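Read through the structures below before going on.
Two complexes are shown next, each including chain A; its partner changes from chain B in the first to chain C in the second.
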Partner chain A sequence: MAKFLIRRFIYMIITIFLVFTATFFMLAAIPGNALTGKIAKLPESSQQRIIQKYGYDKPVGERYVVTLGNALHGDFGESIVNAGDTVQSILSERLPVTVRLNTQQIVFGVIIGIVLGVIAAMRRGTAVDYGILIFCMFMTSVPSLVIALIFQLTFAGSSGLGLPIIGWPSGDELWFGGWQYTILPTISGALFYVAGYARTTKIAMLDSIYQECTTTARAIGMSESEVVIHHVVRNSFIPIITYLPQTIAGVLSGSLFIERVFSIPGVGNYYVECISSRDIPMVLGFTVFYSCITVVAIFASDVLYGVVDPRIKITGDKR
Partner chain B sequence: MSEQTKPNTEASANAAPADGPLLNVEHLRVSYHTYAGEVQSVRDISFHVDRGEILAIIGESGCGKSVTARSIMSLIRKPGEIKEGSKITFDGRDVLSFSKKEMRQYRGGECGMIFQDALVALDPTMRVGKQIMENLRIHTNMSKSEAAKEATRLLGAVGIPNPEQRFKEYPFEFSGGMRQRAMIAMAVACQPKLVIADEPTTALDVTIQAQIMELLKRLRNEDGTSIILITHDFGVVAGFADRIVVMYAGQIVESGTREEIFYNPQHPYTWALLGAVPRLDWQNKQVLRTIRGTPPDLIAPPKGCPFANRCELCMNVCLEEDPAYTPFSTSHKAKCWLHDPDCPQEVLEEANQFKVKGGDPLEQ
Partner chain C sequence: MSSNEPIATTDLRRRFELVDQSTLNAEQVVRKNIGFWSDAWRRFRQNKVAMFFAAILLILIVLAIFGPAISGKDYITINGMEKNIAPCSEYWFGTDNMGRDMFARSWVALRTSLIIALVSAVIQLVIGCVYGAIMGSVGGVVDEVMMRIVEVFSCVPNLILVTLLLVVFGNGYPQLLLALSISSWTGTARLVRGQVFKLRESEYVMAATALGGGRMHNIVKHLLPNTMGLLILEMAQAIPNVIFSETSLSFLGIGLQPPNFSLGSMLATGQSSMTFYPYQLVIPCALLALIVLSFNVIGDALRDALDPQLRT
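Up next is the complex of A and B:
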């Protein structure tokens, strides 16, 4: 186990390093950056000075070494567009917003998804099952962006329920309260996960419903619901639980558009802005941040497999 | 093994005082509704199991023996259906009209089931001990720790060494024989009156097979538990069963005591099955008999005898009409036109040559 952890940790470091390197050179290869536009109207000599200050006059290789050295100390540099912003300051300011949005989306999406999946599996072949199937297909095919816009149109403002169109609770309500702002972003972002989890759950349930061990359970006198709770759900949760960390990682970057549509001051929204304005230090920093989350999530999935399924043993041996 | 000739008398001493057989199956018909049509898996069979008796149901794959076993436990699920008119009586009570509560008590509590492949029949992700505990917790009001203790004792009782350690292990950590033992421990945890063993040894090698059969026999001898053994192997039945039911194409073609079936078989199918068991007294001089052809399609069963098209002695009447049972003793009957008083003499002579020499294959 320890051997496995150490080996996986080394792989994680290598992965993040590769992401960093690839991102750096790709950004360097794109002509122009946030600076070019910002200083275009300044006199030539000032332009030179500013470029020198940011270090863009140096060759790519040297810039890479310097950036990497700083990054190792957690310093990705200052934002070009919004002077004073660093990756750390933005994260500490905006991460709570994103975390709350995503937590709500995941809790809502995963729970509703699993419930629908269980219902579809138990009522397989009926109208309920087909209804859920059609709903899932629809939700998977329509981007959450479109759903968000439709929701705003139908439920927000003067129409429908009168929910706020945009915005997000702040201050005392940062973590708790201000629910009316959070309803639409949560639901519109979660529907995709509802669909995904409903399908995954249904398939996993059907796999275990037809397992021979359910007959054994019935043969010792278990009622149908006990069989489902003790044996079917147990076994079908293995694929679901192990998929969860990756969902969490996916949601963190997946809610970029939701944050944008609802003007939510989260990390995703900022990230998108950085990309569109080519704010190189920030793009690099956030990309590394997201890749860290993804790598950790995949690692958590692998460990969870070993924890949830007794048939899988985690060892350090290479096969 | 002659002490088992009359098991009913020796077992009735410690059995419950209720009258009549423990299990009575009458006119059982089970069908599976498939896209191809209605498969009549079990077609009107009747048999009974006495208290403390071991009944073997023997037949080839697809003859309806497992379906029969599951019907007794009322475990037939869609697309299967127990047809109207079927009657299963357990201890004087009608199984098919049990309420949910009664069914819960019946399954596992009064009637336990051992499945063929314990690797798939046990939940792969649940500790073996916990699965045995589940049964105890459903049928008794034992506390968790009492149930755990009892489950450990049961594991030891079925011959699993180091039960405390094994209690905590998962099915995949058990060997095939150990798994089957755990399965038995689970089935008998609540001292059921009847245990149905559905091909309990088919997935095991011969040595382990003998051990498992010995374990089941001990269960009967010590606790007076009735056992229904479902198998396709006459070799397994020989030293074990008190009575034997031979099934073919969803029907019972012959039934009788072990002696009657082995020493005086009356149905060509039984002859064929017995002829297909290798025997020590043959000394490699005889060719094993095989049965040509395949069993009939049970979506459209033949109107005559279902074995007719595979039978060496088939007569015209066999193809036209299904024969009735001919009784040979109070316990022995067979369903064949050979035993009709109008059966021609030359066929009977041919049958005499064809008939296997009776005998218990294990007693040579």
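Up next is the complex of A and C:
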């Protein structure tokens, strides 16, 4: 187990390093960046000074070494467009928003999805099962972007439920409260995962319903709810857990446009602005940040996989 | 014939005539042979929901090709006098904030999204196949290194990778196609690699090699037919994914830039005017949902039809 963990950890570091390097050189290959547009109207001498200040006069190799050294200390440099912004300052300012949105999406998606999946599996072959099946088919097929827009059109504003069209709770309500703002973004981002989890849970449940331990549990006289909770649901956790890192990565990318649709001041929204304005240091920083989260999520799921299922023995040579 | 044969046998001999075995062909197959593809097609046809969505998809494709010509309106002409007209007999889908015919625009946008999806799906499939085949057939250190590269690619969230590539390449059709393909070939590569490995280990390929089948024979006779079904499924999955990424990017304003437009950019303009002119948002939304839904339903039906392991 320890050998496996160390090996995976080293791969993780290598992967992040490669992502950093690739991103750096790709960004360095762009002919112009935010700086060129910003200083275009200034006189020649001040142009030179500004370019020197940001270090863009040095050769690529030297810049790479300096940036890598700084990045190891968590410093990706200052934003070109919004002076004073660093990756840290933006993260401390906007990460709570994104984390809350994503957590709400995941919690909502996973819980509702598992409940729906359990219901579908218990009532298989009935109208309820088919209803859930059709709902899932529909939700996985309609892009969440479309769902978000339709929700905004139907439920927000003067029409419908009178929920706020855009915005996000701030100040005291940053972590808790201001629910009316969070309802639509959460649901529209999570519906895809509701469907995914419902399907996965249903299939896993049907697998474990027919296992011998379930029959034995019934035979020794356990009540139906005990059987379902202790044997069926528990045995179907493995596929559900392997689906989690995908969800985290997906929710992260999904928040790019969910945040845009509802004008939520989160990290995704800022990233899109950086991309549009070619704000090199910030793009580099946030790309590395996003891939770190994904890599860690994949790592965590590999470890969880071994913890949840005692039948799987993790050895050093597992690939 | 000996005389002390049992009564029953001689009785039978008297009543029945002996048949000459050589005139009969016991090995003959009476029922027509059903091949893999005709069987798959039969299964697919039996799926009524899938056939319904296949029909819808066909109609949408036909409209995407001929749609603009049906209304007889230009999709570029800006008409300042006729802005934001709700759907009526003159403008079937209404006009947008610049007075352009939404009917023609919708179908052109759909055409753009479809072409991007198709081309990008083909490109990523080709890249994935070649890469996976090399990984699988060379093996060893090369495989190890190439696998690491695949892992790096799959560790960056898809949309982030595409946006990053678009920043580097710039905006435009070829760049968008390239970015969308580069970010999503890893799945196919893994699949093909696994398939090649599986095939190398299998007994029938060993038998074919023992009987003198060369490498080309194995690829053409065993690898291709065995992988074709899976590749079709990959394709059916890739198309809606690409449509989805492309619309999201164009919605965010990172994908296609004006004057190019797709369903995604129509969604973005629709959102800005949704309170007053909801039809401008609803129409592209409906088209997008319908096209992705049909691709997904057809993909599911294809899976049922093509995957031998799912058969009951």
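Keep this in mind: the second predicted complex is superposed on the first by the 304 of 319 C-alpha atoms of A that agree within 3 Å, B and C clash if a C-alpha of one lies under 4 Å from a C-alpha of the other, contacts with A are read in each partner's own complex, and residues count from 1 in each chain.
One rule holds in what follows: a contact is a pair of C-beta atoms (placed from the backbone, for glycine too) under 8 Å apart; a residue touches a chain by one contact, two chains touch by 3 or more.
A quick note: this is a predicted structure, and the numbers were derived from the prediction, not measured.
In the model built by aligning both structures on chain A, chain B fits alongside chain C without clashing. Of the two partner chains, chain C is the only one touched by A:Arg260; chain B is not.
Looking at the superposition, the partner that touches the larger set of chain A residues, chain B or chain C, turns out to be C. When the two structures are aligned on the shared chain, A:Gly167 is found in touch with neither chain B nor chain C. Seen from the CA centre of chain A, chain B and chain C lie at an angle of 70° in the overlaid model, rounded to the nearest 10.
Within the superposed three-chain model, A:Ser291 lies in touch with chain C and out of touch with chain B [touch as defined at top]. Of the two partner chains placed around the shared chain by superposition, chain C is the only one that A:Val142 touches, whereas chain B remains out of contact.
By the touch criterion defined above, A:Ile220 reaches chain B but does not reach chain C. Of the two partner chains placed by the overlay, only chain C lies in contact with A:Gln152; chain B stays clear of it.
Of all Cα pairs spanning chain B and chain C in the superposition, the closest are 11 Å apart. Annotation: chain A has no residue touching chain B in one complex and chain C in the other. Contact residues of chain A toward chain C in the complex are 11, 14-16, 18-19, 22-23, 26-27, 29-30, 137-138, 140-143, 145-146, 149-150, 152-153, 157, 165, 249-250, 252-253, 256-257, 260-261, 271-272, 275-276, 278, 283, 287, 290-291, 294-295, 298.
Put simply, chain C touches chain A in their complex at residues 148, 151-152, 155-160, 163-168, 240, 244, 247-248, 251-254, 267, 270-271, 274-275, 278, 281-282, 285, 288-289, 292-293, 296-297, 300.
Chain B meets chain A in the complex at residues 70, 73, 75, 100, 103-109, 112-113, 115, 117, 120-127, 134-135, 138-139, 170, 172, 186-187, 189. The residues of chain A lying in touch with chain B in their complex are 211-213, 215-223, 230-231, 234-235, 238, 308-311.
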